[in-house]
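Both complexes below contain chain A, partnered by chain B and then by chain C.
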Partner chain A sequence: MRLKNGALSTIFFFPAGIFMLVFLVYPIFLLIRDSFYKIDIINPSLREFVGFANYTNSLTSERFLKALWNTVVYIGVAVGFEFILGLILALLLSNAFKGSQFIRTLLLSPLMLAPLVTGIIWKFMLNDQFGIVNWGLYKLGILSDPHQILWLSDSRFALYSTIIADIWLTTPFIMLVLLAGIKGIPISLYESADMDGANKWHKFRYITFPSLIPVATVALLIRMIDAARTFDIVWVLTQGGPGFSSELLSTYMYKTLTRYGEVGQSSAMAVIFIIILLVLSSFFITKMWSPRRRHS
Partner chain B sequence: MKKKGILSIVSLLLVSSLFLSGCSGEKTGSSEAKGDNKTITVLVEGGSPAFKVAKETAAEFKEETGYTVKIESVPYTGVYDKLKAEVASQAGAFDVATIDILWFPALAGGLLPLEDLMTDDLKNDLFPGLVEGGSYQNKVYGMPVWTNAKNLIYRKDLFEDEKNKADFQAKYGYELHPPTTWDEYSDVAKFFTKDTNNDGKVDMYGTTVFGANNGDAVASWLDHAAQAGAKPLVVGDKGKVLVNTKPYVDSLQFLVDLLKKDQSVPSGALEMASAETSELFWNGKSAMMLAWGHFYVPSNDSKQSKVAGKVGSAPMIGGGAGIGAVPGPWYQVIPSSSKKQEIAKEYLNFIYEKNELFMKSLGVAARKSIFESYSTQQGYEHLKPLMMTLSGPQTQNRPAIKEWQEIESEALIPAVQYALSGEKTPQEALDWAADVIKDLLPPQ
Partner chain C sequence: MAHAPIKETIVEKPVWLTSFYFRHKIWTLIVLVVTCLLALLFLGPYLYLLLTSLKPSAEAVTAPPTLWPSKFSIENYRKMFEYLPIGKYFFNSLITAGASTILSVFFGAMAAYGISRFSSITGSYFLLFTLVIRMVPMISIAIPMYMIVKSMGLIDTHFALILVYTSLNVPFAIWLMIGFFDSVPKEFDEAARVDGCSWIGAFIRIILPVSLPGLATTAIFTFMLAWNDFLFSLLMTSTNAKTATVGISEFLTAYNLDLGPMTAAAISFSLPVMIFSFFVQRYIVSGMTLGAVKE
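What follows is the complex of A and B.
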């Protein structure tokens, strides 16, 4: 019986296993291998083993570290705001009221847009000559000049402009996941709390929030990894400018590979990036999803 | 027992179908290699004149040669990416491609030399630097299809207005006309920058400055560096870095002054490039623009431009060393991996004979004779000034070096932006750029 089940499992695993090998493991192997070489893309035969030179060049490069720091800021600010806004919206919508279904649908609509389209929309909105944001702020009297804030062309604002677009696009995802989590909390817990005289804050603090931690962990982890890989929005809005002020690792790696033809260097950067994300994921899962905590 | 057997068979079928789908690609490749397929594949930028001309002429080419022209169109950078992948993989996916001059150093190793197509008649009909621009290390790889340069495009109605003329003369002491020097350009730009509806906000600018995160900003600044005496551009003989010398600093300072001191250009310069500049001009918000010569044509098209019929064109302004500009030509090339090189060469000659179609489609072409014959026609008034610009004493190509893309993105664009934003002075920005470029160039 055991043998039969084991054999069956192996047979079922086989197609997926091959898929993984061909499309995930093998490409990663190639990536790691390429990261140890200096490769001329035009003359692939001129392949020179350089050991860890690509790694040391990356880690000591001001450009790489700046792009890495921008990526950290991007993740921290974007995901932070998305979580807070998403949680607020989820809590509001978890109390059914007239029109809540309609509002929920409206709030989810940014999720339907491709990131590339979002980038184009926000590029027009934030333009200092034609953009609706500056003219709106000017008409409200907040700005004294409609050209006062150069969202996309001031190096102090460019990165945050791309973050604004990302928050707008992706907050609905967090909202949706957290809303599902809230819906999944047994009503009996709230009824018991009511009988014990708990107020709204107590119910949130001791029932809602702890119950949401596993769901929130998954949502945050997915979102952080996605934010780390962000490319389309930044590429459309600023292409990493002005002067690298909004350059993320993803855009820098893309330029290094396709524009400059430095396969080895971009492979090394990608490997470093993967390692960082793996460490982040492991830390997150270990700390926030501890079976021990859940048990207690 | 029977169930297990069936499941095993199904799994094997799934696995084998995976392999079979992998093999089908090879079959397609092999049929192409045999040459049974009378098709050539042409890679072009989507929506571009190259796309239109390829489409318009496909039927005639088939009639003449029996070969079907299959057109593959992708966005601008997609052409480079696909061609680079082709050069690296040698798959033979493309027989002809239409490319920007900038891409030759990076791609030349995978292109077919075209010396045998370069007849004296052909060379004599091209502007200076056009054959050189399609060459790398003294070998010709590109057949020109069009050439272009920034030209002055201006509001003729404003310049010819009697009140404006009188006011300008009184203020600046000379007659108002399309500027030919840096000083005149600066004066005219200041003169036309004003609040036309008296709401307290400037709504008309003299001109624009390019500072966007793309090569347009660099080419635009290098135009002025050339005018100030830069020759060659950016990198000299034996890898000498020239970018922080006087012509470059002076020209960058010139642009910074227009933006910061005179304020005769929109403040969002770091978002400004050709598309944004032309939008401003077509909406009547700027009196002049230094834009690619062919922008004259849509400027006078009432479907696109609110100022249609009121537009004039003049040569690029000149500096201490005269008129100078960075040409932006495009070429047709043949990947050396093509399996149909002779037919591809026929195609290049075929398209060159129909160079006139690019003039009709875009407003510029490659051949001088076509420039000259169209320059006397209505709607093509930009061609005489453009010919002057293209033949200017300081008009020259960007350096043909492999590192150019990286130099542009990592050093020149940021330097222009640092200077325009005020984060660094022009000298500081260009000293920084010089250091970066030295690191990027191979050791001498």
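What follows is the complex of A and C.
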């Protein structure tokens, strides 16, 4: 079994490795290289080495910093709400009652929904003319005029409107992961707590919650990364507008590339973005991953 | 034994929680009501989209909006074909998502098998690499991918999207399949080897068949990633290979006053998937939680 293991592993890994090399590793290499050049997408022969100019341009640009800040807000607010809502839902659904299985199944189906469709749904519902959200709030007496809140075209609300769509789309994911975590807690822990006369809150505080921490860490990490990469939802809902009020790093990079054709500039932004994400998540990774762990 | 990861998804009837958390009937009732309300909150918007798509075209954009269609109509579904070549877009989505799923699941499974059986430390570093790849924002990798595809002269072809989706999905497929292969006892392929199979033969004849649930799970996820993709299709296609997501999004800009057909297109695009995922949700649950909850 041990003989020639390295060679065998390489043979099996080879086809997948080719794909990853050509379309993932090589692009990242290109990305880093391009970030030091000034490149015109229309005329790619115009390449000029500019050193760190693209980086300093980005880091001193107000628009970039705004997009960065918006991304941070987006991650914080969206993932925060998703976690709290997901936890509540998971705790509720962990109770067996007639139909709980069915409700769980129903809640799972939107997980397969395209972010694009989510964007369309909320674009429709948040519309200030014929959107059902404003009319609902008006009928409930919360708004005095059904056109009062311009969810997507008021710079104060645009970013948060996109966050609502994100929360709606991905809370079921957090719920699912936490639910699986709750089911993994040994029954004996609750039994012995019961014998000690623990109440519901104690059981949650001292058994359920601590047991969920490893699972929750993973779920939060995955969601944070995905929220940072959000593009579709924001693109459909606001395209980063009005102004730059809901501009995220992803939409700003896309515009820099396609509208302004500045490959070098957008590459530099992408590299900065990747570095930030790697630094943030390396904390989580070192906590949950070590090369020997899988085989121990 | 090989099916272990599927079966340990979510325990069907967690009697212990009912009895330890909520002993009283009134509590159960409150929990039931709150759960139903929350479920409605999460399903409501999609149901609203579904109802809107069944309204007469003009009724989709009236103020005040109506919840229930005044009469059920397939006008929006008829119009969506008139406005855009939506059939072709769906076909493009199906071709690119389907082909890339087959490729990435097969190559991913091979790599995962190699890592699971033949390597310890190197394999773990491959895994770390897949984890790091997941952290790279798609938009940033899309920039150089676009340049590569352009230099290969493949812009606006199915082939380009298939290559891109396969590459994006291979690390993910490896990540998922490792868990399944680890749960297949080594005795299986060792026995096949003793009977004279080559390693490749043992993999194809023994390991792949017994990990069918894992392959199905991986296939569902890779297919969804390609099917739902918007960014790469937006960037790399223009007329010929444009997929349904980009096609649907064009309703937003092109027919701003007649959004009814767009809702019809969005429903046609997602309803089959929603219904499908309803039936295969066991696999989805195991796939989603495997990476997160294992160990």
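Simple rule for what comes next: the second predicted complex is superposed on the first by the 264 of 296 C-alpha atoms of A that agree within 3 Å, B and C clash if a C-alpha of one lies under 4 Å from a C-alpha of the other, contacts with A are read in each partner's own complex, and residues count from 1 in each chain.
The rule we apply is simple: a residue touches a chain if its C-beta (ideal position, glycine included) is under 8 Å from a C-beta of that chain, and two chains touch if they have at least 3 such contacts.
In this text, all values refer to a predicted model and were calculated from it rather than measured experimentally.
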Let me test your reading of the model: by the given contact rule, A:T258 touches which partner, first (chain B), second (chain C), both or neither?
both
First, second, both or neither for A:F81, with chain B first and chain C second
neither
Under the stated touch criterion, which partner chain does A:D145 make contact with: chain B (first), chain C (second), both, or neither?
first
Quick one: classify A:L8 as touching chain B (first), chain C (second), both or neither.
both
In this superposition, which partner touches a larger number of chain A residues, chain B or chain C?
C
Output check: A:G240 vs chain B and chain C. Expected answer is one of first, second, both, neither. What do you get?
first
First (chain B), second (chain C), both or neither touched by A:R63:
first
Just chain B (first), just chain C (second), both, or neither: which does A:Y55 touch?
neither
Is A:D154 contacted by the first partner chain B, the second partner chain C, both or neither?
first
Can you give me the overlap between the chain B contact set and the chain C contact set on chain A?
8, 11-12, 15, 44, 129-130, 146, 258
Quick one: in the complex, what on chain A touches chain B?
4, 7-8, 11-12, 14-15, 18, 41-44, 63, 127-130, 145-147, 150, 152-155, 238-244, 255, 258-261
Under the stated contact criterion, what part of chain C meets chain A in this complex?
9-18, 20-22, 28, 31-32, 34-36, 38-39, 42-43, 45-46, 48-49, 52, 61-65, 67, 104, 107-108, 110-111, 113-115, 117-129, 131-141, 143-148, 163-164, 166-168, 170-171, 173-174, 182, 186, 190, 199, 203, 224, 227-228, 230-231, 235, 245, 248-249, 252, 259, 262-263, 266, 269-270, 273-278, 281, 284-285, 288-289, 291-293, 295
Please give the residue numbers of chain A that touch chain C in the complex, ascending.
1, 5-6, 8-13, 15-17, 19-20, 22-24, 26-28, 30-31, 34, 44, 85, 88-89, 92-97, 99-101, 103-117, 120-125, 129-132, 135, 146, 168, 171-173, 176-177, 179-184, 187, 190-191, 194, 200, 203, 215, 218-219, 222, 225, 228-229, 231-232, 235-236, 249-250, 253-254, 257-258, 263, 266-267, 269-271, 273-274, 277-278, 281, 285, 289, 291-295
In the complex, go through chain B and note every residue touching chain A.
4, 7-8, 11, 14-15, 18, 77, 80-81, 84, 87-88, 106-107, 109-110, 201, 211-214, 266-271, 276, 279-280, 285, 405-406, 409-410, 413-414, 417-418, 421, 423
